[in-house]
Amino acid sequence: MDDVVSIGAVEKIRKHFPILQQEVNGKPLIYFDNAATSQKPLSVIESITEYYQEYNSNIHRGVHHLANIATGKFESTRQKVADFLGTDDLGEIIFTSGTTDSINLVAQAWGRLNIHSGDEILVSELEHHSNIVPWQILAQEKNAIIKVIPVTDKGEWDLSNLEELLSERTKIVAVNHVSNALGTINPIEIIINRSRQVGAKILIDGAQSVVHFEVNVKSIDCDFYCFSAHKLYGPTGVGVLYGKREVLESMAPYRGGGEMIKTVSFKGTTYNELPHKFEAGTPNIEGIIAFGSAIDFATSLDKDWVQFHEKQLLDTATTFLQEIEGMKIYGTSAQKVSVVSFLVDGIHPYDLGTLLDQQGIAVRTGHHCTQPLMERFKIPGTVRASFAIYNSIEEVNIFADALRKSVKMLR
Amino acid sequence: MDDVVSIGAVEKIRKHFPILQQEVNGKPLIYFDNAATSQKPLSVIESITEYYQEYNSNIHRGVHHLANIATGKFESTRQKVADFLGTDDLGEIIFTSGTTDSINLVAQAWGRLNIHSGDEILVSELEHHSNIVPWQILAQEKNAIIKVIPVTDKGEWDLSNLEELLSERTKIVAVNHVSNALGTINPIEIIINRSRQVGAKILIDGAQSVVHFEVNVKSIDCDFYCFSAHKLYGPTGVGVLYGKREVLESMAPYRGGGEMIKTVSFKGTTYNELPHKFEAGTPNIEGIIAFGSAIDFATSLDKDWVQFHEKQLLDTATTFLQEIEGMKIYGTSAQKVSVVSFLVDGIHPYDLGTLLDQQGIAVRTGHHCTQPLMERFKIPGTVRASFAIYNSIEEVNIFADALRKSVKMLR
Amino acid sequence: METIEDRQKEIIQEFGMFDDWMQKYEYIIELGKDLPVIEQEFKTEDHLIKGCQSKVWLHADFGADGMVRFTADSDAIITKGLVSLVIRVLDGMNGQDIAQSDLHFVNDIGLTSHLSPTRSNGLASMIKQMKIYGMLAANQQPQP
Amino acid sequence: METIEDRQKEIIQEFGMFDDWMQKYEYIIELGKDLPVIEQEFKTEDHLIKGCQSKVWLHADFGADGMVRFTADSDAIITKGLVSLVIRVLDGMNGQDIAQSDLHFVNDIGLTSHLSPTRSNGLASMIKQMKIYGMLAANQQPQP
């Protein structure tokens, strides 16, 4: 695939994203904050409008026309998610309000039954707070121990002591598929393989992976896989928890309420079947339906082109960054998604972010909800540019100029 | 206010609700399932579209333009909710994913710290499952006892034995402001007053109240007040938990993750201030912003007119229903919102619902997530018609004809 | 002898006569009223079909010749009418034929797209149960 | 003697000369570089202002005449520039005047609407802290 094809494709894709056609501070918007949240294609926005203008209704148990349409569309997203993740079993797909909610669900509904005093939970140093704090809360309650896979200077897992970190006491291993702060694609196969040997359950935080490459939960063979719709062209307030049926069935319910019960009585309540057992209350109906359109969009893309284009964006950015004096890139693994985190010597990331914003460029600055990782590198935070399919090489070049100008001003 | 004024007002209001301009099964849609979820005014739908087309971005900690706008709008909804509920303290307004989530938050984050073996939790027989099951889960874990306020034949609380139900052991009283199944407006002042005397905390499930009348949490003097945006002209996936600052501050966090922390380290994590302490992860940004528009819409309505119109809808429906042979209305309190639940002798509610739907009329049938209440009346469920401000007297008359026709067919 | 297919064609033809769904429902209700009622002794928990807002009880008698006789009841009359349609097609048929039948009439008369998901699920559960009975009869299993 | 109001007017006039925000930021950065740095001993946890992505340390010296002298620092240069603007307005002023001052220039030069919410909050926290110092000085409290 050559540049020309790529440019044509980007232009076509950008037409789907109305937000990109605007100016910020008098400059065309360049949105490089995709790891925080992706922009949404028109089809997703339209499916929300359509829902509210044509068939908004509470779902399940309805006898009327609107409820029937809404229920059908809602459940069809579950089918799409199941296909997307590679499972046939719709009971294994739980809708939550986001990755954070999914991980908390597991930490509580699985963890409180299965973690006991002295048990160990293994995470890594590059986890997002959402995959640390729920385990800390659990560990504190149960008097369990959190062990941590360290990170190398390149921002990769240091697995040299993995044997010592894993033991019979390790009950769950909860790790990141792709690091949100650095972009590293982690070798989860190794961890999963070794964790299985000690009988630990495995949770993969896939918040940053599903938008970049295909994931098949059955071939990965994890017990849980979590992600958020909003980082995959979908709306906020929607998350997915994939769980293996036998594991989900062994778990206690998480939230109590409507939908998740079979019968309620003050003498005793029985719970509904999967997936409903974990979906208490009115869900984010509109969001989940629109999420279906987001998956349609994502799966309609040419996978090879996505890989090619994202790599080109990353490589172009990495090359120009390295030419800037005092530049340090954090996360230099060969296995990376299109995310680049950096600092320039003597310049605060916040100042860089501010001046880039003045020039229409949206990047994220700060600790990216990975304080332990920042601590490991002894930095307060980084500037992170994260690229999506609708970003162009031209935008990266404008970014290069803007960054050089900003650095000059700040020195 | 006379009929003519009312008809004009309804016509004006209906123009705001695009979904109402459609046909179902060849008949104009008559939507009487408002207690399940309300329809949304155009301003709410447009604010979602605007968000996604103009400033979609993850909020808080952003330095760029889109993040700044989104954060500002998001937080302005919090201000609107605070004003709506009558508190000055923004830290007392927690965004959740719905009433169910709000109640579970309290049952876990407050309950697990404060409920011990032998303690008592007081609920009522007319609660929604969402205000029963979370307490059952807690009670089972803590070996606590759930006590139940019984309901009279009229569908009102029977408070004659309240003294016996409340004791020093009562740690929390969790009750409904308005019954979703029957429409009864419950005398929460009495309960709150007496509960205070034994030192119990008070949670009010306001899912069905806020759309019908004004609520001031400070003059009610409850510890917690919960409701869902989707029953108040807002989107699904958004809920509110109001909590008194001192009570919220004494609570453990609920979900762990981004946003709810101050600092994270494997040596120890500290939590953020209110309200963020209870808002882990990316929230339903679009939903919460659109909810702001929903509150604007709700507060722009003439309160007197709403009361007048809803009463007229209820009275008209009640009158014609009573003329049908074999009719039994469940919930005959003088204090009711515009909800009417009924059964016709020898006819299954599901059959009635189906035939009404054939005639374009959306009602709800079944147990309405209140199985203990259905058990109390020894019925499998009811047909429930719930009226909103955009419903007209004419629609109620069409409903009357359709119902008579259906009953005739089914006999 | 009449086949399952013949009976389905009959029903499709009958439903073709109605102009709208209100008329179809009227007919379904009449069928419901006419359904020979199940013996009281079979209205128990284990004769209940799951997946419906209304209750459906289904009972099967196996003849020595592999033939199956169905009786059923429901607390909702429309459900009963739907049940009676399916029974009309499968009652007295050979177990083998029941197990292998394709009840396309449900789709052809528009029920699949018209019924609420709960009701469709209920109907599907019932048909599945009837096929299981058919299979059991074909294998000459003792009556459950 | 120059008043707080005079100094604000000066700043408003200066900022009026710039065509766009990049120029304004350039000026703010220059101001940041020029800010007399706080003594190292005051760069401690209790001199830290909360509510910013960048850190701000603020120190106040009280003169016997109720006058307050401010020094400050930040790890981010733009923040430092903003801090220096506020200091320029309030430094050496009477505690009473500081406590009662209305720093409208922040709004007038467009900072309120232009800064990110975190930065605005940080700036607001700093101004609040300076007014508290002003009040303390006015009441002849011992220096904190």
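Just so it is clear, A, B, C and D label the chains in written order, and each chain counts residues from 1 on its own.
Note that in this section a residue touches a chain if its C-beta (ideal position, glycine included) is under 8 Å from a C-beta of that chain, and two chains touch if they have at least 3 such contacts.
Remember, it's a predicted structure, so these values are computed and weren't measured experimentally.
Colleague: Report, in whole Å, the distance between the mean C-alpha point of chain A and the mean C-alpha point of chain C.
Modeller: Chain A and chain C have C-alpha centres separated by 47 Å.
Colleague: Rounded to the nearest whole Å, what is the centre-to-centre distance of chain A and chain B, using the mean of the C-alpha atoms as each centre?
Modeller: 31
Colleague: Quick one: report the Å distance separating chain C from chain D, using the average Cα coordinate of each chain.
Modeller: Averaging C-alpha atoms per chain gives centres 81 Å apart.
Colleague: Chain A: which residues touch two or more other chains?
Modeller: 25, 61-64, 67, 350, 354, 357, 365-366
Colleague: Find every residue in chain C that makes contact with two or more other chains and list them.
Modeller: Each of 53, 116, 119 in chain C touches at least two other chains.
Colleague: Name the graph shape formed by the protein chains and their touching pairs; answer line, ring, star, complete or other.
Modeller: Here the contact pattern is something else, fitting no line, ring, star or complete shape.
Colleague: Name the touching chain pairs, please: which are they?
Modeller: A-B, A-C, A-D, B-C, B-D
Colleague: For a test of understanding, state which residues of chain A touch chain D in their complex under the given definition.
Modeller: 25-26, 347-348, 350-351, 354-355, 357-359, 365-366, 380-381, 409-410
Colleague: Going by the contact rule set out above, which residues of chain B touch chain D in the complex?
Modeller: Residue positions touching the partner: 60-64, 67-68, 71-72, 75.
Colleague: Please name which positions on chain C make contact with chain B in the complex.
Modeller: Answer in residue numbers: 20-22, 25-26, 29, 53-54, 75-79, 116, 119.
Colleague: For the complex, which residues does chain B have touching chain A?
Modeller: The contact residues of chain B facing chain A are 18-19, 22, 24-25, 29, 31, 33, 36-37, 39-40, 44-45, 48-49, 52-58, 61-67, 97-101, 103-104, 107-108, 128-130, 132-137, 146, 148, 228, 230, 235-238, 252-258, 260-261, 263-266, 269, 280-287, 350, 353-354, 356-357, 361-366, 369, 371-372, 375.
Colleague: Chain B touches which residues of chain D in the complex?
Modeller: 53, 116-119
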